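Same chain, two partners: subunit A is paired with subunit B first, then with subunit C.
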Partner chain A sequence: MHLSTRFRRGQRLWLLLLPTLLWIGLLFVLPHIKLFLLSFMDRRSGAFTLANYAAFFNSSLYRNVFVRTTTFSIVTTLLTLFISFPAAFIITKVLGRKMKALALIAIVLPYWVSELIQAFTWMILFRETGVLSYLLQYLGITHHNIEFLYHNSTIVVGLVYTSLLFMTIPIINSLDTLDDSLIEAAYDLGGDFWSTMREIIIPHAAPGIMVGSIMVFMLNLGNYVTVTLLGGKNSLWFTESIYNQFIVRFNQNQGAAFGVILLTFSVLFVWIVLKITKQDLTEAM
Partner chain B sequence: MKSKINAIVMAVLIMGLVLAACAPGATPTPAPEEGAPAQKSERVLRMLTWEGYAPEELVNKFTDATGIKVEVTYIGDNNELIAKMAATNGVGYDLVSPTLNYVSTAQDEFGIYQPIDISKVKTDQFTKAYLDSILEQSKFEGKSYALPFVWGTTAMVVNVEKAPDAGQSYLDLCDPQYEGRVSYRAKYDTLYMFAYALGLDPAEAVKDEESYRQVMNQVRDKLIECKPIVRTYWDSRQQLEELLTSEEVWVATSWDAIAWTLAKDDARFKYVVPKEGAVGWFDTFAISAGAEDVDAAYEWINFVMDPHNAAVIVNNTGYQTASEGSAELASPEIAKLVAESLPPEKMETIKWYFPLPSYATDIQADVEEQIKAAQSK
Partner chain C sequence: MPQEIDVSLVHVTKKFGDLVAVDDVSFEVPKGSFFSILGPSGSGKTTVLRMIAGFETPTSGDIYIGGERVNDVPPNKRRCNMVFQRLALFPMMDVLGNVTFGLRRRGGMSKAEMERLARKALERVGLQGLGRRKINQISGGQQQRVALARSLVLDPTVLLLDEPLGSLDLKLRQDMKLELKHLQARMGTTFVYITHDQTIALAMSDTIAVINRGKIEQIASPEELYRRPATHFVASFVGENNKLEGGRLVRMRDAQVCEVDFGGILMSGRMGEPLSPGDTVDLFIRPEMISLRPGRHESGFPGKIEEINFDGSHSLIVVNLLEGRAPITINVKLQHTEQAPEVATGDLVTLSWRWDAANAFRSPTGKEA
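Let's look at the complex of A and B:
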């Protein structure tokens, strides 16, 4: 009796999982299998070929664009971490209940508008005849218009902004579980701010930092909207190359190969970083 | 046990349903019933076209006059059109509006159109020069696949207060005195402009892969050399308008409709055709190989090319049509600007887009990426 009810309950649980399984299966696994297969096919005959991958490794252009994209993503992830960590720390350990709730809302609020609108907002602020340029002149800091848009640094600002939330929330989560008395104990035992930070707080927050960094790195690597809108004449992003293959050149197979390369590389990169920092993914997540 | 089987059956069913809904080509396009093919009240014309080419005003008028319902799907670019058509061999659409230079190559590669039956077309509504030229240029294996519809040009827009001397040649886009005040697209139209400005003939070179690569590589080197001059590569109408009205950019390449719309309200802006000539495109009518109601498609063509109706499209889009007399019936302000910037002698210098073999699309895309990837200050 007991066993059979438990059995049935287990079955219903399985049914509850169905939407998620369908979601992952149909929208993630299936398309990626298709993408993987496409990447090994010749554009015209459909026969097996490695030419699509060779095209990537033989072209200095695509390699450079890829390296640039990765470098920018790493820089952006680090910058995001430097901005997010103090914010998360203050929210969890310094602010009172009410202020904490307010701060959380303030962090989430900007994400109620889409990434596209965020990018357009940055354009209004940054353009030569934009708000920032006007403000600097009004304050007398400069006497002519300054163009902030269409630089590589503009992309970094935009990307950091769009990824702040995904870094801050995991860190807040991990810091929340850190008992305040541990920090007090560290001070009682003669620790100063930096040693407490180094020995107690950062090790405890490491899983959150890891999750945040992985998410932010992946989001940046795969970003398209912010990069194409804010970037200028020198900023070809790897996702734009993938887009070009599919849409402009009509070459699904080459595009698929680029997609697989991007996916493989980012998974590999995350794995290596986890190994180096001796973090366990199951623990981190 | 039974409930377990039920659960599995249910799961499979749901999976199947979702798969069916997602599968390409399985979009519900009810086939006409064998018994009653074309009942007057049920005729439907399905069009794949650009925004503004089938305005509601005309659609309603057409349905009132003929009883044929019209369903319009909009496209964003020619490759999207070809992809949609190729996915079903044209089934699901009757009438489409590809740009001329994509017609014969797409027919060659995918066979998505059917030949034009000129006997069903009211040819006297068309400007004869356009009709003859498009019928000729859309030929594949001796048959014509397209009729002229809407055309436009790409040349330069100049802020006459800031850069009164600009616009003589496309090479002005590379003039150091306008450093940081120039914008153009990192796309094929700019490649053509610079090719002509460098004294090359891309329309001739395109017939051979090697010679086309040579021509495009020369253009690429020039554009990389010019990269410090350009402020940014524009890629949407809204972006170009902002760059111009804020006076962040003084000299740019521009579609004629964008420049005329700006110039109509603002004397600072002028659409200028330099000595190399404007680059021109022609959107056409083509009949789908999988069309279910071919006659409805021709009825629409004859209806839209009536100059009174075509004038509605001119006003809607800012582009010109191949319907004789439609320009005069449309906005007199725009007609005046058109006549000013494209007098007959300038019309003759228009460099029409040429058909692109698939290797040419690749070469252009290569060059576009190389230009964008090059680093400059």
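Let's look at the complex of A and C:
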């Protein structure tokens, strides 16, 4: 009887896991296997070839776009961290209960709007006839319309904005578990703001910082909407290259190879960063 | 020679909004002494400690450490260190990292020198060889010692202890209690210890300040506090006591001794505060100060044993007094010595005690029993 209940419990567990397994299997694993296979096929004959990968490594354009995407993703991740960490610290350790709830709502609220709409709002602010341009003329700082869109910095602003939530929330979570008496103890033993920050607060928040950074980096690397809308045709983001191969050139195999390169690289990058910072992924997540 | 004072509070008051957490508290802690602040939770004792440490600023009044007024000195610049209730060890560092934290902040010392001092401090608390352990790899008792070493290595003028023994189990607490006292005696550092546990305070302290509702009730040596409580609160809070409520003070025998009428039974006691005939008073009698003789005797109070609770070294015997209009129950602590009388439930016995084993205070309710 004991065995049979255990068996039934096992069955139930599988049933509960089924939606997740289907989700991951059908929407993640299968497409990626297909993508992987496609990337090694010749466009016309379907025979095995490495030409799709060779095309990437032989073209300075694709390589540069890739390096540019990565560099910008890293820069925006760091910028996001520099904005999010103080915010998370103030929310968890400085504000009272009521203000904390308000601040959290203020952080989450903008994300009730889709990324597409967020990008459009930025466009309203930044375009040649937009709010910012008008404001500068109104203040007499300039006398003609200024185009703020389609610059590198516009892309960075947009990306930082869309990623703030994903950095702030994990850091808030990790700082929440930091006992305030640890900070007091550090002060009591002669610590000042910076040494307490360096030796107590940041090490404690490291898993949250790691999770936030990984998420934001991945989101930036794979971003399409914000980058294309704010950066325009010349945004030169790697996802745009993938899109072009699939949709514009109908070269699925080339697009698949780019996709595999992006995936492999980002996983490798995260792994290296985790190794360097001596963080454990299971611990961080 | 005037005694050197390490900590002194002068008319310190702390308000949180409308709440007066600490109300006009003054005391002095002589150098090298073990000073305890004893009070129930919410009495304001933690606030007093946090004001000495610098985490709270007094609303009014002054705080001096080592003769220097420290009201405006931040906690990281005060010559006092604190052992926190939940210890607040740094889990991101090993034991040695915790102990050298303060030294590193102070600077002006080589790494080797810091580690030497830290190892010495660890040795002093009996933790040699554990420097490289992580905080979560050592036991609760060892963590206590690390917290002590972390503060003591800085050689503070005053060590503040926020009930750090509270989280330990009974046996470990007993051991640590003695060890802490010996450590304090050996090092000569001034300790200010706050606790709600009177057994700890009585066992360790040179001086105890009893605090209730933000006010100091009495500052005295443990023995004085135990034998001659100054207020009704101290009598009921410190130690076990039989509390006989609502007696009427009949007359005073002299300046110290009064006689109280409990429903026809006359008992004498020491006046803990100035009283006058006609006052409604409560009488506190220590259970271990009562002598119990089998049978009826001329002097003393006859009673019948209601219940016997064996407790190892002694028994707690519940006796109902026979005379008097209202029932009066008195607990007697009987030590199991060779001379101890053998008694059983239902036996007739006679209780007696010296007048100074009983302390009389004006009843806060004012109701006669």
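Operating definition for what follows: the second predicted complex is superposed on the first by the 270 of 285 C-alpha atoms of A that agree within 3 Å, B and C clash if a C-alpha of one lies under 4 Å from a C-alpha of the other, contacts with A are read in each partner's own complex, and residues count from 1 in each chain.
Basically, a contact is a pair of C-beta atoms (placed from the backbone, for glycine too) under 8 Å apart; a residue touches a chain by one contact, two chains touch by 3 or more.
The shown structure was predicted, so the numbers you read here are calculated from the model rather than taken from an experiment.
Novice: Taking subunit A as the common reference for superposition, should the pair subunit B and subunit C be classed as clashing or as fitting?
Specialist: fit
Novice: May I ask you to decide whether A:R249 touches subunit B, subunit C, both, or neither, giving the answer as first, second, both or neither?
Specialist: It touches subunit B, and subunit C stays clear.
Novice: Please work out whether A:W14 is in contact with subunit B alone, subunit C alone, both, or neither, and reply first, second, both or neither.
Specialist: So A:W14 only meets subunit B here.
Novice: Using the superposition on chain A described above, determine whether A:L135 touches subunit B (first), subunit C (second), both, or neither.
Specialist: So A:L135 meets neither subunit B nor subunit C here.
Novice: So, does A:A54 touch the first partner subunit B, the second partner subunit C, both, or neither?
Specialist: Neither partner.
Novice: Figure out whether A:A186 sits in contact with subunit B (first) or subunit C (second), or with both, or with neither.
Specialist: second
Novice: In this superposition, which partner touches a larger number of subunit A residues, subunit B or subunit C?
Specialist: The partner making contact with more of subunit A's residues is B.
Novice: For A:G232, select first, second, both or neither according to whether it touches subunit B, subunit C, the two together, or no partner.
Specialist: Only subunit B is touched by A:G232; subunit C is not.
Novice: Aligned on chain A, what is the least Cα gap between subunit B and subunit C? Give it in whole Å.
Specialist: 43
Novice: Which subunit A residues are contacted by subunit C in one complex and by subunit B in the other?
Specialist: On subunit A, the subunit B and subunit C contacts do not overlap at all.
Novice: If you look only at subunit B, which of its residues touch subunit A in the complex?
Specialist: Within the complex, subunit B touches subunit A at residues 3-4, 7, 11, 14-15, 18-19, 22, 77, 79-80, 82-83, 180, 186, 227, 230-233, 242, 246-248, 358, 361-362, 365, 368-370, 372-376.
Novice: Taking the complex as given, what residues does subunit C use to touch subunit A?
Specialist: 53-55, 74-77, 81-82, 84-86, 88-93, 101-102, 104-106, 150-151, 154
Novice: So in the complex, which bits of subunit A are touching subunit B?
Specialist: The touching residues are 8, 11, 14-15, 18, 22, 26, 61, 64-65, 127-129, 147, 149-150, 232-234, 236, 240-241, 244, 247-251.
Novice: In their shared complex, at which residues does subunit A touch subunit C?
Specialist: So the residues of subunit A in touch with subunit C come to 179, 181-182, 184-192, 195, 199-200, 203-204.
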